[in-house]
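In the two complexes below, chain A is the common chain; its partner is chain B in one and chain C in the other.
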Partner chain A sequence: MKVLTLNFLTCAVKACKTTSASFPLVPKECELVSDTIAPNPTLLTNLLPRVDWPALGSIAVALGFPSLSPLPPTPADLENDTKMMADLHTLLLETQISEGSLVCANCGHEYKVKEGIANFLLPNHLV
Partner chain B sequence: MSRPEDTLPPDLHYNDTEARKYTTSSRIQTIQASMTHRALELLDISSPSMILDIGCGSGLSGEILSSIDPADGGPHIWVGMDISASMLDIALQRDVEGDLMLADIGQGLPFRAGTFDAAISISAIQWLCNAESSEVSSTGRLTRFFNGLYASLKRGGRAVCQFYPKNEQQRTMISGAAIKAGFGAGILEDDPGTKNAKLYLVLTVGGSAEEGAGEDITGVVKNLDGVDVLDARRKHKEKGRKDFKKGSKAWILSKKEQMERKGKVVKHSSKYTGRKRNIAF
Partner chain C sequence: MEATSPNTAPPGSTNTIQPPSISQQDGNPSNSSTIQQESSSNPAQYEEQHVHTVYNEIAPHFSSTRYKPWPIVKTFLQSQPPGSLGLDIGCGNGKYLPINPSVFIIASDRSSGLIKFASQHQPHSAIIADTLALPHPRGKFDFAICIAVVHHLSTAKRRRQAVHAILETLSGKGKALIYAWALEQRDSRRGWDEGSEQDVMVPWVMKKAKRDLAEGEKNETTFQRYYHLYRKGEMEENVEAARGVVVEAGYEKDNWWVICSRGKGFEEGKEL
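Take a look at the complex of A and B:
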């Protein structure tokens, strides 16, 4: 699962829908793999306003990446700085979680990730 | 023909053998591909976007999403959800590019608000009409799904869901649930009346500054050829606007009909109804 997708995932438990603590899910004991994907600058500039930057920063640190700048880059920054673009591409799209689990900070529910597929099935009483 | 929806829940129906059969059948592959292209035509995306594939299965439609030419606004990245582990296993073996999730769409969608530019679903949402246990209801599953979908799409986003309803009742149940969730909803029917009839539920979210985006289905199909628009809303409006001149024969007849419907005793109508009386002297 891409780090980008993790930046959009929240806890699926009904009780967590109303709290902000259910986002982001915290990666726990994760194995990472790197996949080569053709860079797509238009896609990145399209997605950047939607990415939650503070959450991305905390996820990056939790996964062992260098910490990000406190403020998100503007589209103009990104266009001029090819290195920043490449770094973001590597972090968001090429880095993938293959094994491990994602933990909700609110209810503590653990979503297992196996072979890159996260299991979001819930027992009926939590829905 | 028997419907798989009537026999088993989807996670059990699509076991290893069924999933393999589904993915390797060239007939299913062509149908899926043509439906995906049709859905993409309806979504009308012009730049690389983030797309949700609901009921992605083995990634047949996702493959098309990630292989779109840059000239046509691709390639898109996608996140696929499916309830069948066997289907996802085959997707892994086929090495698809999108992210996969094992999830039940009837339990809602675990995404932040405004995550996706668009959503696509091929032959999946009719499964929501079946409730496998007494703890869940089909209406509850539909409501959770459409509420989740509405929240996770960005403003001006669109969703196209191709589905096979069992009967007219399921069709209205699904589109009704979508409208209740806040979508602008409409159904596009390809090849109506034939065995190959395909239904596409076209959903739009909110309005947006861009011209043409966020309209309901009549705006979506405006530029397509060979589409007849049957707008039930307009028909309804015209039916209500039946106003006769007060005192005319037609007016009297409609009033009598109205009273009759209410269960009042009404004198029967004849050719003399509504005529002026002769002057008595």
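Take a look at the complex of A and C:
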């Protein structure tokens, strides 16, 4: 489960979808591992406007990373600052939640992450 | 399942899939009506037994036979600009994930057995989720593919809901490619055609290597999977019922496909 993926996930419960509390899911007791993934600056630069930056910031802090800048870097920032690009690549694509849970702040349901894969199947009473 | 040797049933071998056990030709409706009754009483439970459990049991063997991408799907994925954000809904073993490494895809499947294979493909991501309860924000994604998935849903309502759920993830300009098994496939070895029963059980035969057999054990196990075979025009009807728009549609290798987007009257969260 990549940190980037968390930016595109909400609670699977239908009633939670319309509440702002269901996004982002809150990481709980997460173990992190680091993967090596080939950098793709174009992918990251083009994808960045789609990333909810405040949500990414709150997830980064919850996972123990330092606070992000208040505003996302511009494409020009990324082009001129290779370290910034490398750091972002590490945080978004290489950092993985291997074990733990993701919690919906609206309904409180916890989704388990095991061996790096989050399970969003709902128990019968929540379907 | 670990004991299964894929070598005994090579990919594409005509021995791996037998003709369906339900007769298509004799006009006897008894088998098909049984399927309908069973599926309408509790469709989710029916699919759990006749689709999800089967895929988990056959996952390694199924995955070893699924590596060749269909051309329409390949073209669709390659046409997405770098940095596009997409979904592969019901991704199975993730055989479409290697096609475009310049986009970011979140792949999902109900089968924990198959998703392990899907999670190997970088830079993408894989999660366990149900097509009818996707954990994604609405209106966010540039594209989605849903290949060989909706034909496993056992009622017309659930198939319409699945198409609606896919469209719900898309942005206003986003497009989805949906692909399902066709009823009209008279040239395939299964021989189904117009007028045949649409709700069928299709066997998956898994062979074990001789050295892995217990004494007296049969060397093959047959699993039955439920399918709803789409007739011509039915996929387009599903899209229209979900208030989507068909952008393009066609037939490829015994399957019907549509590329669709949200229509003007599309409503998020609508019960179909």
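As a convention for this text, the second predicted complex is superposed on the first by the 125 of 127 C-alpha atoms of A that agree within 3 Å, B and C clash if a C-alpha of one lies under 4 Å from a C-alpha of the other, contacts with A are read in each partner's own complex, and residues count from 1 in each chain.
Criterion: a residue touches a chain if its C-beta (ideal position, glycine included) is under 8 Å from a C-beta of that chain, and two chains touch if they have at least 3 such contacts.
Because the structure is a prediction, the values reported are computed rather than measured.
In the superposed pair of complexes, A:43 makes contact with chain B and with chain C alike. Residue contacts after overlaying the shared chain place A:18 against chain C, while chain B stays out of touching range. Of the two partner chains placed around the shared chain by superposition, chain B and chain C are both touched by A:5. When the two complexes are overlaid on their common chain A, residue A:122 makes contact with chain B and with chain C alike. Shared contact residues of chain A, touching chain B in one structure and chain C in the other: 1-2, 4-5, 8-12, 14, 23, 37, 40, 42-43, 46-47, 50, 93, 115-122, 127.
Residues of chain B that touch chain A in their complex: 47-50, 75-77, 79, 81, 83, 88, 92, 97, 99-104, 107-108, 110-112, 114-115, 117, 133, 135-136, 144, 154.
Chain C meets chain A in the complex at residues 44, 81-85, 101-104, 106, 108, 110, 112, 115-116, 119, 122-123, 125-130, 133-138, 140-141, 269. Here chain A touches chain C in the complex through residues 1-2, 4-5, 8-14, 17-18, 23, 35, 37-38, 40, 42-47, 50, 93, 111, 115-122, 127, going by the rule given at the top. Chain A meets chain B in the complex at residues 1-2, 4-5, 8-12, 14, 23, 37, 40, 42-43, 46-47, 50, 52, 93, 115-122, 124, 127.
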